[in-house]
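Here it is: the structure, laid out below.
Order as written gives the chain letters A, B, C, D and E; numbering starts at 1 within each chain.
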């Protein structure tokens, strides 16, 4: 029976989507932005509220299904379980922050910008909530389109090419996934696209092998995992920072999420054959990206490479199929989103004031903007997983899982802990500390709004770092359920 | 070898020879004339096979109307001598090669058909006669017959469109 | 006459037509070669018509089996006539514009 | 009182928050009160807990505050372990800490108000982290403090962030610590997967079941962590650089407390180390090597703080030597005494630097004894203590370690003794150059030279008392049987059923007396030599020449070596990856796919020649091909 | 049958309208009315109401599947006319004649949609082709139009010859033109019949512009006046595919195994050549010509798979492809410059038009929520259902990625680049029709069930 809770999943998609339409029409200066912020806050409220309507369900696999394409064996099925909830929450938290931080930025065609942003949010929520493969694919693409436009319309000089590369690359991955989805669909006993039917379907090893790689490629490009990552630095660098926040804060989580929700439970036998390759790719990517991050002079590229390293760890941890590693991954998805958005906010504040992102041209900002420096430091420390910040919890569990899988992997991956400290502190040293120069002399403390947003993020970082338990309670049951499925085959 | 066989071989030789001449003639007018000869020889074959109606139509429509139209156009353009440049030999070679290999492949493929032993000597029906064919055309095949008028209408409109002065 | 003779004759004429289409550059002659191909088809159709008819008539003298092939030949002629009208119109139009009927003379549209 | 244990770390945390958030509004007085008050209050509570632990019925207790991580097979609570070892450290940390806080109120008074508040916030945060480190009931909780102190060290070394060199030093400290932390973490993961827990109680209970290889591995990894934090070979180079921070910071963090975290950790997990003799040897050898290396470098340093820094590294090496030979009490004892005299030395140096207007080169000092009597007196006492002369505290603790080392292997003792001699030499070289002879600074410095205010001298005095008397807590059995109060106090924690002093027990008393006597005599002569020589002769300003002394002055070129074998190759590799692999290979492949499509497009379009003839020709050829495939090719 | 009669009759009506009145507007209106009536007539066929009661002697048959297809094609043609009659009127020549030809083409389409006999197929295809030769030649002074017409005509006539030879050879084996008579299974596998099938395959591949028989397509589509290209590339091509599928399913379906390999080759070649060559193009019109080849490659998958999904899917494909392409061409026909650069900055000047174009292009690229996605989906699904040569599906998908490249070039030009001067004059009415077309594209993208259910009666 439908209860009040059952409508929440659909609501989480419709709210931002319906919010997007008026935003396109609000041409008045600033109006669209305020509307979008309000809309995203409503979504946030509803997302949080949905937690309290869970009742007896305990975030276990609850599905709500609407008729859509019965002839295709597809329905509009949504599931709000632990893992989708935490990602929807990330989405709900991120967008007010992103929109709030970008509100006053000078930008032409604001109404389009904010409309597309909300559309992207709807698409992302759809990806996280879909329990139907076709719906999942739909949202997978639909999240991409608005972001493609956002990334092409606003940003650096080479944005069109960069965004296009991003689009084509991810599209290429996702068509392979589509082939895999269709194949799975054929193999289901009831010719259905539903997640449940997919889970029930058994495949022979050869099928599993190629399907595994088809799906993996799609997700690997999205995350991105080495060596499929080259779209990312370009896209991050060239996009408007608000868009980069969406990309790095929420969108890359699509890939990790999909590994857990789709790839591993569907092809457990293939996983047994290929997990080492996948993990090694991820770890190689972590070290590789960390090394490159060390020598980047562009703030955005540096953060981009650091993101590759972090996401690589998450992906590696997923492939270990260790219980607590998965919990760590799920929690870390949220935490990484918060942290990296925080970093981008700071980057965008610097760029908007000085028009420069080159680390070598900056310096001494801490003198001019002490509050900003403090907030950034906390966020940066969270990014390198200092204990009592949010990322520590996740990384600890992930490394733990990796260690249980193979100690040497953990040791190799652990080197990135050191490297991450190197590039993060380098960045702080060269941008915030030291003396000012001609350029940075004119830097002013950032506005109260931005400080408040960053402070909010810092509070989240610390709260989640000191008391991560509620998040574990949220994801545990679902995660263990899926894990059991992966292991039992 | 009876008369009809002799006729067959004669007409066959004639048609192939004329066809080759048609293709190789440098003068378009000669080509037209050779083609008319092909049509005549084919009509001869029709008669051999008791398809009298088609033999007649072939002569009237093809040899009579269509080829005259061709001649007319050639005259209109006044291109007696072939304007084809000499250096088209490569294309000619390729064309001949392609046509030859097509023939080769087809013949090789169809050498061993189930029809191999079947001879056309046999009781002759009357379907090739005007009356019989006409009645079939206007009963069973009246729909396509009527529809073929659309073709002529189109051709007419086409002539109007293309021929009209702007 | 074995049917195969007609088959091969027809194929020979057809192939000569094809070769002509390929080898010649005068639009009119190319067109004539196409007509030759059509006639090769016609000849074969009539031969098959005769073949099937002969088999059927042996059982039923009033049979109309095989007539449809001759009907098709008739339609082919109809179509050929229509095609000739349009085709010649196009060729004449082309001649009017460029004073040539060389098919390779027009090659603005490529790549 | 031990129920209030959580207040001990929380008070400094509260101080951190108050000072940190209110740094723009609070006056310096308020900041000082908060900063010093919270630590002092924590000291008070610690003291009361300490007295509680003295009672015979005291049993170690674990105070569980909350769950930190409890998911899957990983269960990590936030809980604090109150036993004699942790309480001892509490006392040292909060005690020395409050003294240094007090000292800082004067020392840092020149800073602007926000910076002043920031300084105290950092300092309080450090105390909090350090307390978490020692109170944590498991390796993860300890790791939280472990990284926390690293962070504070980073923040405080780079406190004057306008100076790029300081920032580099801060970064170096953090990164080197991180390298060690990775080892620590790996050990934690190993324990978690092997024992299912990282709580001390659980681990120690299950440790005997594990194989020697596992234990050796875990302990070695833990030791890697310790080398980072406690500045041992190979990760010691950050500590001398860390002197970039304000001097009280050097005293508190880089001498008295944080750097001893490694010793605390190993002492805490001595159960594991006892079961891993290979690791013990590694620890001892590393400690000894570090002690000698650092001491030798200190011989030729001219920066007052650098000398003290290398001295710290060297003393830490001694402590590791003690740990390696199983003299855990000795090591902890030395931690304590070292905290007193080294803090005193740093604070004294701070006082000097303060008076000299941030001049740190001892070649520009001299003759300060008269101008700064309190500083001079306390500094001298500290020097005597560190040199290991009886009856000063350093003598007892160092002696305990050396005796245990002798029992293990004579070589340990011999080299240890060599180090002690060097210590005595460079300390009195330092003392003589600073306080003896004639003043060599500028006239301006001379004019302003004065004794420091009470807030600075009071801590000096207190620490001087402790430096002198601190050693009396652990008087060896030879001198006064049953007077090793510290040993008795720590016995329940540090020694199992065997009883303390198993190493010492092997030596007969006569040998001990002889060794003590000779060593004291030699040290005395070295002291006298250094004193007399450097009261008159001042090292030249000329840069170091070649040979051994040049090598020493350039610190054995260790930094350069690391630069050559780690930093530069890594940087070159990164540049190569970023500039070549990323751009041309990986991205090149991706773009290559696109380019090959475009190339294909350019080639394929040529088929579209625009000529009907060729179109038809291709068609016919393909038709022929189809026929061949269809009619003749039987797959 | 209603549809055939009405379209043929209305063609004549259009001819006389041209005689009666020189007003192009009137011609346009008449044509629109006629096409609307054609939709209704086809609907009556579907409902079984056939006032004239003519049967084709079994040579034609119209089930719901065929009728729905005719309705859809007539519907597309209606949209096409609504979008194009103005442009034709502006062309200068009287519009009645081209419009009459379009109706004649519709007659041919109705025939080839319902043929049961090869004779009818031949006749239908000729009725479709001959008017198209004329339409492509309709811009008489333009050498490009001349060239297109000549190429189209010569190659078309050639392929007619090939097709007739195929029909003849099949007749030789079976003694009948009826599809039922041909489709008798393995015993029909004589060399003669096989040769016939190959020849028919070649000629049909030519008609649907499958590589390597596609060479006429880019040149003809490029040279033909844009309004007519739109018609040729969409509705006609869809119908040709419909006939192609009908022939090979109902005629040679039982011999599927024996010609599958050739079909796979054709499919792969078409996909690759169409998509890859389109990448290079500098003119949007020519790009669309190659895109039509690329899309044909996708439709070829239906012929490769030849199952129920393919059967319904090809209709969906034809409709969605037609709608989107008609939409793009409608804008293109109103522009002087057909290069990509001409579209630069169009989003700023004509936001609605740019948005609509984007919808169409996304559909062509096969992005979800547009009809194009489900069209491609059906094709891939059909291929996978077939279970063999899965690589073909993967190839198709990768080609779809290449497709994104060139379709998005237009989107990029419109939204992300500045300059350009394209100011297509689009009336309010046309805009409205374009909106309707776009909505149809979206509706099919969200609920293709609506259409597919009709087809699976």
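Observations on the structure shown:
FYI, contacts are C-beta pairs under 8 Å (C-beta built on N, C-alpha and C of every residue); 3 or more make two chains touch, one makes a residue touch a chain.
Quick caveat: nothing in here was measured; it's all calculated off a predicted structure.
Fewest steps needed to get from chain C to chain E, stepping only to touching chains, is 1. Relative to the centroid of all protein Cα atoms, the closest per-chain Cα centroid is that of A. Chain centre most remote from that of chain D: B (centre = mean of CA atoms). C-beta contact counts were set side by side for B-D and B-C; B-C has more. We define each chain's centre as the mean of its Cα atoms; on that basis chain A and chain B are separated by 71 Å.
With each centre defined as the average position of its C-alpha atoms, the distance from chain B to chain E rounds to 32 Å. Computed centre separation for the pair chain A/chain D is 37 angstrom, with centres defined by C-alpha atoms.
Look at where the CA atoms of chain C average out and do the same for chain D: the two points lie 98 Å apart.
In chain A, 168 are the positions where the chain touches two or more neighbouring chains simultaneously. Residue positions of chain B with contacts to 2 or more other chains are 91, 94-95, 98-99, 102, 106, 109-110, 113, 115, 141, 144, 148, 151, 154-155, 158, 162. For chain D, the set of residues that touch two or more other chains comprises 594, 605, 608, 610, 612-613, 616-617, 620, 623, 627, 631. If you check each pair of chains against the touch rule, the ones that pass are A-D, A-E, B-C, B-D, B-E, C-D, C-E, D-E.
Interface residues of chain D, counted against chain E in their complex, comprise 594, 597-598, 600-602, 604-605, 607-608, 610, 612, 615-616, 618-619, 622-623, 626-627, 629-631, 635.
Across the interface of their complex, chain C is touched by residues 119, 122-123, 126, 130, 133-134, 137, 140-141, 143-144, 146-151, 153-154, 157-158, 160-162, 164-165, 167-169, 171-172, 175-177, 218-219, 222-223, 280 of chain E.
Interface residues of chain C, counted against chain B in their complex, comprise 1-9, 11-13, 15-26, 28-29, 31-33, 35-36, 39, 42-43, 46-47, 49-51, 53-58, 61, 63-68, 70-71, 73-75, 77-86, 88-93, 95, 100-102. Every residue of chain D that touches chain C in the complex is listed here, in rising order: 605-606, 608-613, 616-617, 620. Contact residues of chain C toward chain E in the complex are 3, 7, 10, 14, 17, 21, 27, 30-31, 34, 37-38, 40-41, 44-45, 48, 51-52, 65-66, 68-69, 71-72, 75-76, 79, 82-83, 86-87, 89-91, 93-94, 97-98, 103, 106-111.
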